[in-house]
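Pasting the structures in now, so scroll down.
Note that chain A is present in both complexes that follow, paired respectively with chain B and with chain C.
Our next item is the complex of A and B:
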């Protein structure tokens, strides 16, 4: 029996979760919400996490009904993400690992999403689309948001927007500048509503994501798709991906908001896999990093 | 700007933090030392433990760079201390 605790705080969510052999024993989380129209900044986010981290840690232990002695490994997000929040959480993880005399494991946040997706959906060897607000794995450009999703549900008129896919790369920057340019003309002349623009934005962007996913599946001969990351909660994206999968007789796996959105248990799950395959992070090597490519991680826990 | 090489124009700042035991001072040291300074240059800090005391020494080119680093360190230190308070004392080795 292996029990792992995972600490996550790379963006505006701070979560601590405990997993025992594939069972989520607890997964409390807090979200730093900024006023509408404002994004979250590193030092404010770190301050938020700092204020609640120890409370959330106590909750994680209490809800799991465990004592520190029951834990086998302490895992935390090494990166990628925002510097100040990452440090805040790493400090607590390093300290309790030493206080409790447990090994420490630095986890790649994106691998956390993927391993949790695999655990929950039991997908065997899927093509994974990881799409999130902070960490879209296909480009560094901005990604669609929750508010857009809500408005898009009320839109119906399709407005043609720039669609940019080159092989496995997508570009979103052209779309936003185009929309900024064109929207106020179209909105003031009543040609379309903001809801229609949100709808069109989703249709266009998600089509791009579906295209590259399909291309990856064709290249790898894969018959399974797993969508992870916060944007994976979007029902329209899941629907569109589902249509493509049906056409290819492939299976689509998606998780719900408990696990799509950043959480501690996903770090614990990745930590569980890594720890059982013999990995450990020495304290001197436990520095956090804002940039951490998913393909930099040595996957020692899978043979395929 | 002068490099952080201990030259005459460096600002220096020292901080000593007492702990109940050398073990706890070591724990704090190992929690606080791994991360690099966010700035690319202009500041250097060194953490050491002697007995049950954690000592931190900074060398900086400019006062404002020093202030940011020291401020940030004190925030981090207080989080480590609070964690040790809540989840300590360390288990026997």
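Our next item is the complex of A and C:
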């Protein structure tokens, strides 16, 4: 039996979860909410996390009915994410690991999403589309994503925009510069409304995401899809992905808000896999990094 | 007359055998003008907005045919295009018989025999050569993976030629950037599909560099694109 506690705080959610051999014993979380349309800034977020982290930690242990001695490993989000919040949470993880005398494990946030995806779907090889607003390193002030989503709901006219899929990658730069160039002209000439532009932008971008997901499925022979990350809650994206899956007779797993939005249990789950395969993070290596590519992680817990 | 023509493809497909449903299209095996034929049907994607879907589908059909013809004119092996139906977005192509994908070939070699390294190296060199030729024709494949290159057996003793297929995302471009990205897409697909083949891919690139007349700018761009990537780790 292996019990792992996971600390997650790379964006505006601070979550601490405890997993025992694939069973989620507790997964409390707090979200730093800013007024709608406003993004969250690193220092304010870190301050928020600092204020609640110990309360959440207490909840995690109490809800699981465990004491520190019952924990086998302390895992935390090493990156990617925002610097200040990451540091705040890592500090707590390092401290309790030393206090409790337990090994430490730095986990890649995206791997956390993927491993939680595998656990929820019980699939061996689900195709996981990770779409996150918080993990996009663009200016969050004001938060573009949320505003565009809301306006898109009111748009109806489709306007042709650049569509760029290169193999299994998408490129957003072309569509961005195109919109910057032509939006003024289109809006002032009355050709379309801002809502129509947002609608078209969403249709185009989501189509691109669904397309690369489908390609990945075809290439890997996977018939299971899971969307994770905050943007995965968008109904239109889920709808489009659902239609694609139905046409291929593939299964789309519902976005489970408890686990698909950033949470501590997903870090614990990835930590559980890593720990059992023999990985450990020494104290001097337990720094955080804002940029941590998923493909840099050495996957020692899977043979395929 | 136009009505009859547009009924031709769906009619034939009803009698054809569905081979697979890829991400882009359905692929059928049929007989056309007495020849074994592969029919590639880009069916409507219902998750897309209908206007977007029609434009995208038409554009990709046209680009695919154009790229294949350009390759063939330059002597690069690609399927013969027998017929194109632009209403139903169907392309009728020569079926390449007696062939397997490079992907399956590498996988089978890696699985059973580690002493066949030289065979793999020779394969990598030839792939580099054919891609160099394609890029020198300014054809960018757009979806290079080891599933899209076929090994076609010519003789009993194992001689083969390489055939490029699936030009669905291809386009014409002289830009080193586009060719660099083309190679980058292959590199990522190659390394993620076939573990521990970094050295083999290097051989492929070496062969490409030696065979292509315009390779230095392309390789330079490839190096740049490799560094680019989102969320690059900043460990100094």
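General remarks:
Everything that follows uses one rule, which is that the second predicted complex is superposed on the first by the 241 of 304 C-alpha atoms of A that agree within 3 Å, B and C clash if a C-alpha of one lies under 4 Å from a C-alpha of the other, contacts with A are read in each partner's own complex, and residues count from 1 in each chain.
The working rule: a contact is a pair of C-beta atoms (placed from the backbone, for glycine too) under 8 Å apart; a residue touches a chain by one contact, two chains touch by 3 or more.
As the structure is a computational prediction, the values presented were derived from the model and not from experiment.
Contacts of A:207 after superposition on the shared chain: chain C is touched, whereas chain B is not.
Touch criterion not met for A:180: it reaches neither chain B nor chain C.
After overlaying the two complexes on the shared chain, residue contacts for A:80 are found with chain C alone; chain B is out of touch. When the shared chain is aligned, chain B comes close enough to touch A:286, but chain C does not. In the superposition on chain A, A:298 makes contact with neither chain B nor chain C.
By the touch criterion stated above, A:94 is placed in contact with chain B alone, chain C being left untouched.
In the superposition on chain A, the chain among chain B and chain C reaching more residues of chain A is C. Chain A makes touch with chain C in their complex at residues 80, 137, 158, 160, 163, 165-169, 203-204, 207, 210-211, 214-215, 217-219, 239-241, 243-244, 247-248, 289-293, 296. Per the touch definition, chain C reaches chain A in the complex via residues 21-23, 45-49, 51-52, 55-56, 142-145, 147, 169, 181, 185, 188-189, 193, 229, 231-235.
Here chain B touches chain A in the complex through residues 27-28, 30-36, 38, 75-76, 79-80, 82-84, 86-91, 93, going by the rule given at the top.
On the side of chain A, the complex with chain B involves touching residues 50, 53-54, 57-58, 68-69, 83, 87-88, 90-92, 94-96, 98-101, 283-288.
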